[in-house]
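Encoded as structure tokens, the structure appears first; notes follow it.
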Amino acid sequence: MDRERLADLLAAVQGGRCSVDAALERLRDLPYEDLGFAKLDHHRGLRNGFPEVVFAQGKAPEQIVAIAQHLAASGGNVLVTRLDAAAAGELCAALPAFAYHREARVAVLRQHEPPTLADGPVLVVSAGTADLPVAEEAVATAEIMGNRVERLYDVGVAGIHRLLAERERLWQAAVVIVVAGMEGALPSVVGGLVSCPVVAVPTSVGYGASFHGLAALLGMLNTCAAGVVVVNIDNGFGAAAAATRIVRRRERGRNA
Amino acid sequence: MDRERLADLLAAVQGGRCSVDAALERLRDLPYEDLGFAKLDHHRGLRNGFPEVVFAQGKAPEQIVAIAQHLAASGGNVLVTRLDAAAAGELCAALPAFAYHREARVAVLRQHEPPTLADGPVLVVSAGTADLPVAEEAVATAEIMGNRVERLYDVGVAGIHRLLAERERLWQAAVVIVVAGMEGALPSVVGGLVSCPVVAVPTSVGYGASFHGLAALLGMLNTCAAGVVVVNIDNGFGAAAAATRIVRRRERGRNA
Amino acid sequence: MDRERLADLLAAVQGGRCSVDAALERLRDLPYEDLGFAKLDHHRGLRNGFPEVVFAQGKAPEQIVAIAQHLAASGGNVLVTRLDAAAAGELCAALPAFAYHREARVAVLRQHEPPTLADGPVLVVSAGTADLPVAEEAVATAEIMGNRVERLYDVGVAGIHRLLAERERLWQAAVVIVVAGMEGALPSVVGGLVSCPVVAVPTSVGYGASFHGLAALLGMLNTCAAGVVVVNIDNGFGAAAAATRIVRRRERGRNA
Amino acid sequence: MDRERLADLLAAVQGGRCSVDAALERLRDLPYEDLGFAKLDHHRGLRNGFPEVVFAQGKAPEQIVAIAQHLAASGGNVLVTRLDAAAAGELCAALPAFAYHREARVAVLRQHEPPTLADGPVLVVSAGTADLPVAEEAVATAEIMGNRVERLYDVGVAGIHRLLAERERLWQAAVVIVVAGMEGALPSVVGGLVSCPVVAVPTSVGYGASFHGLAALLGMLNTCAAGVVVVNIDNGFGAAAAATRIVRRRERGRNA
Amino acid sequence: MDRERLADLLAAVQGGRCSVDAALERLRDLPYEDLGFAKLDHHRGLRNGFPEVVFAQGKAPEQIVAIAQHLAASGGNVLVTRLDAAAAGELCAALPAFAYHREARVAVLRQHEPPTLADGPVLVVSAGTADLPVAEEAVATAEIMGNRVERLYDVGVAGIHRLLAERERLWQAAVVIVVAGMEGALPSVVGGLVSCPVVAVPTSVGYGASFHGLAALLGMLNTCAAGVVVVNIDNGFGAAAAATRIVRRRERGRNA
Amino acid sequence: MDRERLADLLAAVQGGRCSVDAALERLRDLPYEDLGFAKLDHHRGLRNGFPEVVFAQGKAPEQIVAIAQHLAASGGNVLVTRLDAAAAGELCAALPAFAYHREARVAVLRQHEPPTLADGPVLVVSAGTADLPVAEEAVATAEIMGNRVERLYDVGVAGIHRLLAERERLWQAAVVIVVAGMEGALPSVVGGLVSCPVVAVPTSVGYGASFHGLAALLGMLNTCAAGVVVVNIDNGFGAAAAATRIVRRRERGRNA
Amino acid sequence: MDRERLADLLAAVQGGRCSVDAALERLRDLPYEDLGFAKLDHHRGLRNGFPEVVFAQGKAPEQIVAIAQHLAASGGNVLVTRLDAAAAGELCAALPAFAYHREARVAVLRQHEPPTLADGPVLVVSAGTADLPVAEEAVATAEIMGNRVERLYDVGVAGIHRLLAERERLWQAAVVIVVAGMEGALPSVVGGLVSCPVVAVPTSVGYGASFHGLAALLGMLNTCAAGVVVVNIDNGFGAAAAATRIVRRRERGRNA
Amino acid sequence: MDRERLADLLAAVQGGRCSVDAALERLRDLPYEDLGFAKLDHHRGLRNGFPEVVFAQGKAPEQIVAIAQHLAASGGNVLVTRLDAAAAGELCAALPAFAYHREARVAVLRQHEPPTLADGPVLVVSAGTADLPVAEEAVATAEIMGNRVERLYDVGVAGIHRLLAERERLWQAAVVIVVAGMEGALPSVVGGLVSCPVVAVPTSVGYGASFHGLAALLGMLNTCAAGVVVVNIDNGFGAAAAATRIVRRRERGRNA
């Protein structure tokens, strides 16, 4: 399409309908506007079921509502993350079509079904019950992005048999997202059990020398399981986005 | 197969060829030996072209040689990482079939062709020339694991046009590994340009407030590009292993 | 002038109108009072349009009001920074001539027009919308110091085309202030696009391993773009003061 | 005994064989010399098989030799820790009765059999082969302190089945010392498998974000396994001393 | 017992009462369910007087109540830690049999007497009065786990005579738990006075460069007293659990 | 005196008025009780005008009142530090003789005049107005300990002439306490101007990369002015106690 | 020029000498190659006297020589930074036209006079003699970039009179670069004395709690002098590049 | 004296022997040159026995020799600190009058007796033998500054009786310098035993989580003993300089 617009311009020059100077002026912005990356992404995003995303933390409720209204008007799905209950109340009052997931602290506006990705599932594993808010953020994000999602919760390494009992489910996952706080050891064990991609999410669960998730983060970065990758502390959204990059690519490969 | 061995044992009990006590003794080790994870991994590893890996750092040259000989005897490919030139000299003197990549600090014993993965390529991108040792470790690792690998070097963000000129190659990659030191900003830019998985590798390149790669690591963990994932500082091996988890899974998906 | 006052004093001694002892007494304070640095700065500040500045954080509202009244009495412009809404309410109730910028958390008393600096503009660039409070603090500070100011917001590196679309505005700036949180990568990209001075301001925007702006700060200090300089986390005021030092000096150079 | 010496002194005063002044003078040092803690410890140490210990790091070889000679003269066993090969050469040349353990970097002078502690064993578990120097320091220390010691090496969490295969040995240990670098996750898993005391030793094995053992240390301190305790990074000696405190106390309890 | 169940299964196969396929199905879960670790631990825990433990921090009051009800129904003792006064109010309203220790922030449900451990006592030592919440958490935990517990409070190192006056009590302890904030020096002094196990608990008491307990933690890890072990900051529960591992093991040793 | 009591005891043994066993019993506590350090300190404290000190932070108001009542009953002066306004209200309601200094957050009970120390004064210097709470804590502490105290406020290094104007006062001080936040540079400048002892107090004043006073603390520890000493962040009390150690010792020297 | 090439292309299309498709192909690379940023920078760099820069740290001598030869061939000036004496020996042997500054650790190839910038001077100030290598790197860099440079060394804050004696030189500078290690206080004092731009360079000079320059860096970032800016630790090159951005811009302003 | 010179100048103006312009010229430098601080310090330094000090670390041997020669020529005493054996060899070869203390790493040139300070002694206490280099640096510094110095070594807190045995010596000291690495607990204990000034010196002795002295530094800053002050890690020189400030001032007080 953009290529077409560029060809049109050149044809107009060729046909004398556009002067060289006028073409020069229009070409000045070509590299980013007519061939622009964001716009293409936006279109592909809508086609692939990707939602628009609002990071609510640090925004005033009225700002969140305004942005959400703007995005909702485009007709696509909208995901609002890091949304506390008070702001969620204002959002849902203004835009009742939003569904709020209290534990995950996300609100979702689903205006059309995201095209289901055939591969999967994305398995979200958590070490303890205190990690659930982050795990649920990953679940909600992965679902609105079109993934089949499964949960496997409370399988921390201090009771390793709980995890081993679920080896089958681990082996069937397309991607495993492992959410853990405290010492952050679970991704190393999972990484040793499966050969699929493993995305580790450290959480700020803990106290004292956990230093708000630093201990779990360092543990995951130093994993002895080859090929485990890490996202920011408490970043359930980012882990789900990474999983979607992986699964979606595979979809494309399959269809190619 | 393991299931078969277990069925054989049970049939032997059923048929009276094995006493309950003898079966009990053999079953004691079942959870790990007969259904064991490492062995299965080992077999699958050989089938899939995965090499055995030796992390040489902190090992004496004679230890490295001994381990390498043991692994070579199994007939598979062998990868030795973090191998300095002196130890490499001893290794290659003892085992001349090993090829040493000085810049990547890895030695590779290729006893059979790793089965080429159809998907790909894995594109290894580096910000500066000083990041090459880490980038080359990723390249060597990815290649011996069966990936098609391409390089795109010296495209740091302070000269952003160098990166933009290669958008096509970025778009065609199955996975992009981005290697960068100093401020570690490159993965954010790449993550905004492509929709495939992006694995970021911070390097210890820099000085002063880079704090041996901490600056790049923190930068990458805080990327504003959704779904970029991170491995440990200077961990080119880990990034390639992660990429292989992604590509190999896709292979399986394609064949399913 | 101060030199004149000193000459007057000496002439008075010479002429016998002032005893040696009285002169000694007055000279005791000379190094700082009559030749003093602060006072000269103060005078020059008034001439050049520099405001008096109050850092409100950690001060009680009544203290802020008292200081502001004292400074307002001098007839110059007054800038109050880091002023929360509650304290601003008290300030504006007591001194209605103050204008409060809620997002920038600054209050400004404009008792005369600051002499417009001919050079410019100072271009304030921000990576994301969450960085706006810091960016607006820089804008308000730069304006009351006499600069022409322009804004270029929400051009973070994960959508690099948004920045590239504004190259012309970047190229026309006298100084660029770049405000960014999270990974803090934007100043590196901007620094590679322009040859004018670039002042980077890390913000505490982010979570987890951003460690309250540490990630952005380290990223900016390790920039691979030569000659980018950095101020403290969230220090929009300081960046604007630095820009003013640069532009004002240039003014002087032009007039010399 | 010390009480006896004190009673003797008082009886001498009572009997007029010692003046009040002379007694005062002798009593001045009582709190620490005659009732002193170090001396009692020293005597008890000899009885219990505790060696004298020299921390060699940062001492010149001639200093180490001199101290070792002094201690050897007392007739007890002597343990020298953190002794590099060069200094060990000088020590063994001067005092050939010392045996040097190169991997553990300790030298031991065994002048009498330490009284074997009936309880036990102390089981030293290590995650990887690179942790062996620290693990062996623990082994050598525990042995010279009279413990029965067993080893269980290379059972890191990325291949959890290797550990599970040795549950029986874990269950039979009196104390388990777990030595691990990188992410330091092994003590959490072991702590969930056994009910005996578990002493975790982080090692500086790793690179990048391991920050010389900080990652493993923080991981172990944040263990989700209740009652796992931690010593300093690379402190195999300290872990063995802790284990000996535990086992020896138990001995006393048994004999009481 | 589990061995018996496994033998039963094999006998059923042998006797034809169970097909090979059915046995295979049941054996699939054996490694963790029938020979499972958690369940055994659970049974042993009940026999030994170990309570079920709920970590209340970060849980909603209704969640705490629900979990406590579930655990109480099993008939065992229940310990809830890190329970603030508001949540404790809801818990005790719902389950009046719980006793709340405000200072220790724990609630205890004692449905049967924990079997008293013959060895002991566990001596809990604190440096200052501000360390009492952590010390009392250790006391409450140790008591519900069946230990005899004694207290020795406010014996910080700046008034060392207070500690020395209590040498006898220190010498009679089976395990000493030392709780200290600020510089965390007390465990080093205690470790030099006693030969029994010493568990050090750093607290977050302090300000400025205590960095929320980091100073005390580092001090304790670097203790010059051989064999002192450390748990996480403010982790009185963990120290008591460690002490119980030590004492209980000794019990077993004694009975063997 | 204590020596006398010990001589009395020995004489009683010598004279048969005390049995050896009774003397042994009494001697058991000698090292700390009869020759005890705290008690002597306590007496000397009362004689020298030292107050009893209560660190209120983290204590409940009723605890503070109870402790203060207990100390007040001894007839000496009492100092309560880190006392917020609410707790101060309760304290002064219960014990109206306490005077509360709101800015310094201390309450003082002055039941007798502390004996004025002849040497002095202690000069408390602060860099900015935001440092006043810490500076005033130092002032109140030094005064109740008997020092003559002078203030020199708002002489930060960015307006160095303000400090230089007060050289005379600096030169006349017995000890200078320098209180500064942000970059903490003032002690270096003061240390270069005076030859008397200089005690530096970093404050947590600042934001961003001040990291709650860490920047000022590190700056002061790295001072290029020889012999400047440092106390904890915000520790005005400690600085005054250090100054009192210095001045009081000098008093003793003078009287000797 | 690039505009001309674009106009030529369009004219060729207009004139039928180039097909639309061929033009499309050529335009594909336009954004970066024909309108490219680096190339324009390169040309402007040559015109303005900017050297090509090689960062030698971490490069092998033969790599440095090869790169330097390549750059030298372009006819411009070349600057090699962070070059140790050994590598410098090899460089100067291969390319004798390079001049090596041992203290600054830079080598300079001056193939033409950089066009002198009329404004100035850039004044490089250092706190102590140990800061000279970094200061001299700034000097050498600023000179080869065309600046007039002056030095003012050894004027640290512990002898503040040394700095005050040079007020005149400070006042006459166009930009002041302040290089300081240890507590890094000098930029604050200088920033209070001058109104021109001040670029602060922390150095790694110091020991202990300087943490390799962290103390100086934090001090400078927290400066109480408004508008002082900071570069990375030991980054004399970056400070000079920043100063050149400032001065060069002013030049342009003057000529406009 | 300086006042006299100023009066002379004014009288010369009054008497017509000096023109107003000439006086102006001379007065320009008054604040720092004629009333200068360094010069006065220098004179007073010579009178008081203060040596000139050279910090050798990071200086080339030839630089050290040159500076030492320059200082020696002034006739005063000279102290060179942080001098390794190789550089000391060159220094003593060039200037044989220097005496080198190998353990303290200082060289001293004693050209006249420093005037003995009547008060004292300065007692240097060390925790372990590994702390001796720092302790001896303090001793050598304090001695060349005119103090009586005593040593009390190897009295670490893990054997507290060793310290208590020396209470008398502690009580007789004018100032106590306490040197300790590892957990840095000794100053707290000493601070509780004495009422004189206590200067704490953390050392980098230790390993693992000592983080090169950080643990000891934080411990000392958080001391619970009121009024203990701290200097930089390994800064024996600074502690002695602080002690001299304290003792010298007392001298002046006594003579006043």
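Residue numbering begins at 1 within each chain, and the chains themselves are lettered A, B, C, D, E, F, G and H in the order written.
One rule holds for everything that comes next: a residue touches a chain if its C-beta (ideal position, glycine included) is under 8 Å from a C-beta of that chain, and two chains touch if they have at least 3 such contacts.
Treat the numbers as computed from the prediction; the structure is a model and nothing was measured.
Student: Among the other chains, which touch subunit A and subunit F together?
Tutor: For subunit A paired with subunit F, the chains in contact with each are C, D, E, G, in label order.
Student: Figure out the least number of contact steps between subunit C and subunit H, where 1 means they touch directly.
Tutor: So the least number of steps between the two chains is 1.
Student: Averaging over Cα atoms per chain, report the distance between subunit E and subunit F in Å.
Tutor: The mean C-alpha positions of subunit E and subunit F differ by 39 Å.
Student: Out of subunit B, which residues touch more than one other chain, so two or more?
Tutor: Each of 31-32, 37, 159-160, 164, 192-193, 208-210, 214, 217, 221-222, 226, 232-233 in subunit B touches at least two other chains.
Student: Following the definition at the start, I'd like every touching pair of chains, please.
Tutor: Pairs satisfying the touch definition: A-B, A-C, A-D, A-E, A-G, B-C, B-D, B-E, B-G, C-F, C-G, C-H, D-E, D-F, D-H, E-F, E-H, F-G, F-H, G-H.
Student: List the residues on subunit B that touch subunit C in their complex, please.
Tutor: For subunit B paired with subunit C, touching residues are 127-128, 156-160, 164, 182-185, 188-189, 191-193, 206, 208-211, 214-216, 218-226.
Student: With touch defined as at the start, can you tell me which subunit A residues reach subunit E in the complex?
Tutor: Its residues touching subunit E are 129-130, 159-162, 164-165, 205, 207-210.
Student: What residues on subunit E touch subunit B, complex-wise?
Tutor: Where subunit E meets subunit B, its residues are 3, 6-7, 10-11, 13-14, 16, 20, 23-24, 27, 30-32, 35.
Student: List the residues on subunit E that touch subunit A in their complex, please.
Tutor: Per the touch definition, subunit E meets subunit A at residues 29, 31-33, 36-38, 55, 57-59, 82, 202, 204, 212-214, 217, 232-235.
Student: Mind listing the subunit B positions that touch subunit A in their complex?
Tutor: Residues in contact with subunit A: 31, 37, 41, 44, 53, 119, 164, 167, 174-175, 192-193, 195-199, 217, 221-222, 226-233, 237-238, 240-246, 248-250, 253-254.
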